[in-house]
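Below you'll find a set of structures to go through.
Each of the next two complexes has chain A plus one other chain: chain B in the first, chain C in the second.
The block that comes next holds the complex of A and B.
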């Protein structure tokens, strides 16, 4: 199914019906003189005209909601860039379906997106933020209150909410909450103690149980802890992964965007 | 002589051996590599875009030793390359080979169903020898990586 198959029915303009009726009248006149088989040909042509016109009209209107029942699943094609598997009990709608932007609004339920396109062409809005595809496959589950999870299986996804961003690479996940947007991302193979400390927001426990790969979480934590705690988060990362001298500790503690980006690029080689 | 030694030592201390570093596709920051088995870069070469690199897949399929030349795909980041899976079945490793002037480097990277196995990857200051490759293949866990 493509997005267009699930746009809502909207009444076509009067001129369309008049044109169809004219065609039918013309067909009837001809049928009086033509062999009977031609009646079927004209009937088919009229039906095709009606369907084509209706489809054209659907494209020009606002998208409606797609809802699946408790036992239903379906797949939505996203232009030429991929597809979204829609799970049971899911409600979502198409916000945009253009060459430069494909955007869904997920009210609740579960989706699995498989996108093969340059970054930032596919977006999924939720009550608690927006998932921005950076070239990936991922699963997202949301309840009606905006609580959910984002799990990435290939590539990476950026989840943003009011200036807060979580970069979630393959093998990692993050929790999503309406009051705080994306949580700290963590790798799913992290130790249970570490995962529990992330869920509790327990900084000491996180720092104590982090392994090299968990610098994904610590890098995000750096910009979310109180200023007085940044130094120990940074130093813990530096103890796990050698940080090149060209990356300034002072600038990182000051949350300089360019420095943080370079730090992330360096740490990513260990993720 | 002491003064000469003082000036020379810092220079030697800062020099880094030519070597490979491997990472998951996110390390390349290039969406085109998202499906790669892994990405890699070199370190310790004076001009990052100048090392010559190549890769082969070495494997054991139903008891038969197999070698598969691989295409090394440059990413949009200078000096970063991607290796995509071109092998099926059996037990496989990717063997990287690189040269930077007179310096050489090698790496053996086992791969499994969940991607490359970082903890069992080996890095050398020379191209991996046949004996090192065979030893790495024999070191695969019973039943392969899960």
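The block that comes next holds the complex of A and C.
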């Protein structure tokens, strides 16, 4: 066999096209919203007028981005489902405010969301993915490059990026980064060695230092390691938490969605 | 940006996009863009995947960037070069830019990533073959970026020296030199592993 024979053509995942389509849609949406030059002139005049009449805050809250200064904080009510505390040096805007969807776009900064509503009603888009409320309270901060953290204090949050999802329960956090999707979630009371191994992506160290509760991290790890590494991740989870025989090891290793879901539900008793 | 919705018969076994598809894409036909994507996506993804030593995230990012740039800049394509040459210029730029951007970052999951990449498209069976394949991919990934991209372009589309020179924005002599030195390095690193 030649060198060429060992470099087979690999099919691009469907998620690539989905991401391209999403970016095209986003671009078109922005283009449609982008005002003409005359509109800019008019908007500038209107802004001056608004400032002069002391209603600047109204314009900022309803016509575009909300920005806080280094010492300012403010609170945004989210319909009748909750509120978002906006920390200093934050830039965000309301993208949708409907009964069936409340959506923010966080450019950078910090927020603390307190939501009491059915799951998947409140979303926060960021350049690194989307935080989806599953009934919870959480803090999220992110810098201008899209690097940050998500910390959940009540309930659950799902953070998604191009098909990759991190499910973060109360007491846990995950790192947010601009490419590669959300990091592995882990409990904040995990041992420093374990946290370091998560940050370094050191699979062996993670398996070696995991506690029962850290099966949260291992469950996510299972679908992110190479197929050849899955067995030892699964077996480590099984050594920490008894897994009912009804959950097929083979199907879990094959990343069957139903089996992974059942496995998660079983492990979550310990989280 | 929605264009005509007529049905166009495309032979997906073709290696080169027809002028009709490219022209339709230039006019904003979204279906034509999807056809171009389908025609080239696997080659672009594979080049990026092996360029970044099996890092699927990097390969996905590069593939996205390439096709978004293609869409944004296809108006500048005047047909003076073979379309694939123009496309591969975008691939080269995206790979080298991404490599520069990623340089300071620690490489994590490297082994896992490479294994995942191998598993994704490989027909190899057996431990020994898998080891050889891994050695080959590691050797390719260890080449200096400019040699690596030249070797991968050659492997994945068998471009002529002239086409490669246009894609790499260098002379044909430089292409020949990079390929020759790249292959020599691979041969040394894979001595006794691959014929």
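Here are some notes:
Criterion: the second predicted complex is superposed on the first by the 208 of 271 C-alpha atoms of A that agree within 3 Å, B and C clash if a C-alpha of one lies under 4 Å from a C-alpha of the other, contacts with A are read in each partner's own complex, and residues count from 1 in each chain.
Definition applied: a contact is a pair of C-beta atoms (placed from the backbone, for glycine too) under 8 Å apart; a residue touches a chain by one contact, two chains touch by 3 or more.
Everything numeric here is computed off the predicted structure, so don't read it as measured data.
In the superposition on chain A, no contact is made by A:72 with either chain B or chain C.
In the overlay built on the shared chain, the residue A:181 is in contact with chain C alone; chain B does not reach it. Of the two partner chains, chain B is the only one touched by A:156; chain C is not. After overlaying the two complexes on the shared chain, residue contacts for A:271 are found with chain B alone; chain C is out of touch.
If you count the residues of chain A touched by chain B and by chain C, you find the higher number for C.
When both complexes are overlaid on chain A, the residue A:169 reaches chain B alone and has no touch with chain C. Once the two complexes are overlaid on the shared chain, A:118 sits against chain B while remaining clear of chain C. Of the two partner chains placed around the shared chain by superposition, chain B is the only one that A:134 touches, whereas chain C remains out of contact.
Of the two partner chains placed by the overlay, only chain C lies in contact with A:227; chain B stays clear of it.
Legend: residue contacts after superposition of the two complexes on their common chain; A:200 is shown touching chain C, with no touch to chain B. Touching of chain A by both chain B and chain C, each in its own complex, is seen for no residue at all. Within the complex formed with chain C, the chain A residues making contact are 1-4, 6-13, 15-17, 19-20, 23-24, 28, 162, 179-181, 200-203, 225-229.
Of all residues in chain C, only 1, 34, 37, 41-46, 49-50, 56-61, 63-64, 67-68, 71, 106, 108-109, 111-117, 119-124, 132-133, 136-137, 140, 152, 155-156, 186, 190, 194-195 touch chain A in the complex they form. By the touch criterion stated above, chain A contacts chain B in their complex at residues 117-119, 134-136, 154-156, 169-171, 265, 268-271.
Only residues 21-27, 29, 31-32, 34-35, 41 of chain B touch chain A when the two sit together in their complex.
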